[in-house]
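Just passing along the structure, written as structure tokens.
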Amino acid sequence: MSTALAVLRKDLLLELRTLETIPAMALFSITTFVIFHFGLNRPTVDGQLAAGVLTVTLLFAGILGVNRLFVAEREQGGFDAFLLAPVDRTALLLAKASALFLFLAVLEVIAVPAFSLFLLGPPLGPALPSLIAVLALADLGIAVIGTLVSALAVQTRARDVIGPVIGLPLLVPALIATARAIGPLLRATGPAPLPGKWLLILALYDLVFALVAYAVFDFLLED
Amino acid sequence: MVDTPAIELRDVARYFGERIALRDITFAVPAGATLAVLGRNGAGKSTLLRVLATLLRQHAGEVLLLGEPLPRRGFAVRGRLGLLAHEPLLYRDLSGRENLRYHARLYGVGSERVEEVLRAVRMERRADEPVRLLSRGMVQRVAVCRAVLHDPEILLLDEARANLDPGASELVEPLLGRPAGRTRVITSHDPQAALAEADLALGLRDGRPMFSLPADQVTPDLVRELYA
Amino acid sequence: MPTYGRGLRVLSILTVVTISAALILVFFYAPLDANQGFIQKIFYIHVPLAIVSLCGFVFGGLLGVMHLKTGDRRYDMRSYVAIHMSLIFGVAALISGSIWAKASWGHWWVWDDPTLVSYLIVVLMFATYTPFRFSIEDPERQARYASVFAILGGAFVPLNFVAVRAAQGLVHPRVLTVSGGNLPGPMALTFLISLIGIALLYATLWKYEMAAKNARIQLRALRRRVLGDDDVSPLQRTAAPSL
């Protein structure tokens, strides 16, 4: 646990120092909202359409973060340094997934208000607590899958491409569940209650892949 | 009287696909002794060191470090090994001190030790600059700190003196050299220099051992043949 | 080293017999569908292909687990063959499904059908398996990473199905519901025979490919032993497991 914290601390410090990931993700999201505005040719969106636009944008922005997750380790010997140390190797999974989760959270703090400002028709206020709950579960799923896929991709030759190409299909169930859960929250006539079924599916997805990740991650590190 | 060698290898092999990286490697290094591994580029020196560092698993044979069989007991010995190779294993955007503090946390070592090693290599004043701004020699000095931070019993040095000017080389000698009393495995592009500070020598050719002798029995002819 | 050839002849004959029986049933026994007519009979090929390929993907994932657990590279070989066989069956399922869709609903593809869409996603994901393998040069790492991929994919198949199904499609005929199929008797029998036939076909082809690969590996090992390592040309970079 303390190992995971040490690695997480190092990653947060690196991100603060280099600002490589979060600004890119945030900027990408805002640009995408503007593009959607023009692409859909509507002044505002609401309901399921709004949920789709928001979820897809966050997903793609998340992929940007995923690609960068292990790059420093690969290029600057971080893997070796970690593998040499007398630590539990699964701590790396925990640390990286937590880092990605935090990056996504920060991204959403910027992107969701931007979405509300640029594209969303109905006000966000009343739906906000439910929205946060859904996004938290969604971020968990993206964090787990993203870390796995990034670890897989970083050792291959086509690493920038393999990540999204494997990760996006894997994230489709999470995407569906997230978008369908958010849809009623953004209804033009005021938020409908949060559909429990989709939260359940999202939670199931997170649980299954967290367990799978925990089981297989060591095999990705050893040689 | 403890007689167990610090490092012991028996018939170790390691392949890369079909290619032989190491084959029939057998030797033992007593505690406190230094083994020089010699050979041309691609002979398997770095691979051997990576196996000893627990970074690579052997495909055949036995590896015993401090009496513990690898890879099964790798976690038991990792904290007692240090590796210094071509890569400094430092994050370029963090400072030397931040890098070392990170490693200290990984090894369960206190931050006073970080300051101690920085002082020993005379880097304490420049330790707050990002590593990417340091000269290659300075980076290597910080890397030396990283390698000995946890005071390892076994030190693996793969071309460790590269990038160090004679002054810096002198500075790190007490940490890396014989006086520190650690069991060491060293490789170097300069076979004579390596032999000079070694007790034992292992000559590798295309992954296979050509000779395994006490260092003083390695004649210049033998060396020439190895590098031919 | 198992040869995989054992029982292959019996299996092949059994497959041919079952598939022939299925075809006979399809064309002469199963009643004509009231709404869709003759074209509905594609169902007897399309659905078994889809089911068998999905099982094949999960099977590949299980073999991946075995590989990681035991470190035995032969499991990786089996996993590889299982997955790319499933991929072939999967593409066949998509094509037959598309033909059926065009004939029944007038479109080559319908997005509002969750089963078809979820299936497409699974196939798309596994289509990346071979390029992914190819992009890793070290054969041992390639095998390990491929097994992780297979496990992810295997876990993904049921989850994906649940999610997409819950998203409520209305178009795809819910012929096999959880409550137990609503197929009339003769159709049910035909379907069952077809399913068994396709499953046997998968098993036979899997065995054939394993036998062929195994033979090639042993031949190479023999050549290396007889001719000496240096005279046998090195393996090209490949996505296929090489042991």
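Going in written order, the chains are labelled A, B and C, and every chain counts its residues from 1.
Assume a residue touches a chain if its C-beta (ideal position, glycine included) is under 8 Å from a C-beta of that chain, and two chains touch if they have at least 3 such contacts.
Note that the structure is predicted; figures quoted are calculated from it, not measured.
Student: Go through B-C and A-B and name the pair with more C-beta contacts between its chains.
Tutor: A-B
Student: Which one of the chains is farthest from chain C, going by Cα centres?
Tutor: B
Student: Could you say which chain's mean Cα position falls nearest to the mean Cα position of the entire protein shown?
Tutor: A
Student: Roughly how far is chain A from chain C, centre to centre by C-alpha average, rounded to an integer in Å?
Tutor: 31
Student: When the C-alpha atoms of chain B and chain C are each averaged to a single point, how far apart are the two points in Å?
Tutor: So the centroids are 49 Å from each other.
Student: Indicate the whole-number Å distance between the mean C-alpha point of chain A and the mean C-alpha point of chain B.
Tutor: 40
Student: Pull out every residue in chain A that's touching 2 or more other chains.
Tutor: Expected reply: 222-223.
Student: Enumerate the contact residues on chain B facing chain A in the complex.
Tutor: By the definition above, chain B touches chain A via 53-57, 75, 78-79, 81, 83, 87-94, 98, 102-103, 105-108, 130, 146.
Student: Contact residues on chain B for chain C in the complex?
Tutor: Contacts found on chain B: 16-20.
Student: Using the touch rule from the top, collect the residues of chain C that touch chain B in their complex.
Tutor: These residues of chain C touch chain B: 138-140, 224, 229, 234-235, 242.
Student: Tell me, which parts of chain A touch chain C in their complex?
Tutor: Contact set of chain A toward chain C: 148, 152, 155-158, 162, 165-166, 169-170, 172-173, 176-177, 180, 197-198, 201, 204-205, 208-209, 212, 215-216, 219-220, 222-223.
Student: Touching chain A in the complex: which residues of chain C?
Tutor: Interface residues on chain C, with respect to chain A: 68, 121-122, 124-125, 128, 131-132, 135-137, 141, 144-145, 147-149, 151-152, 155-156, 159-160, 162-164, 166-167.
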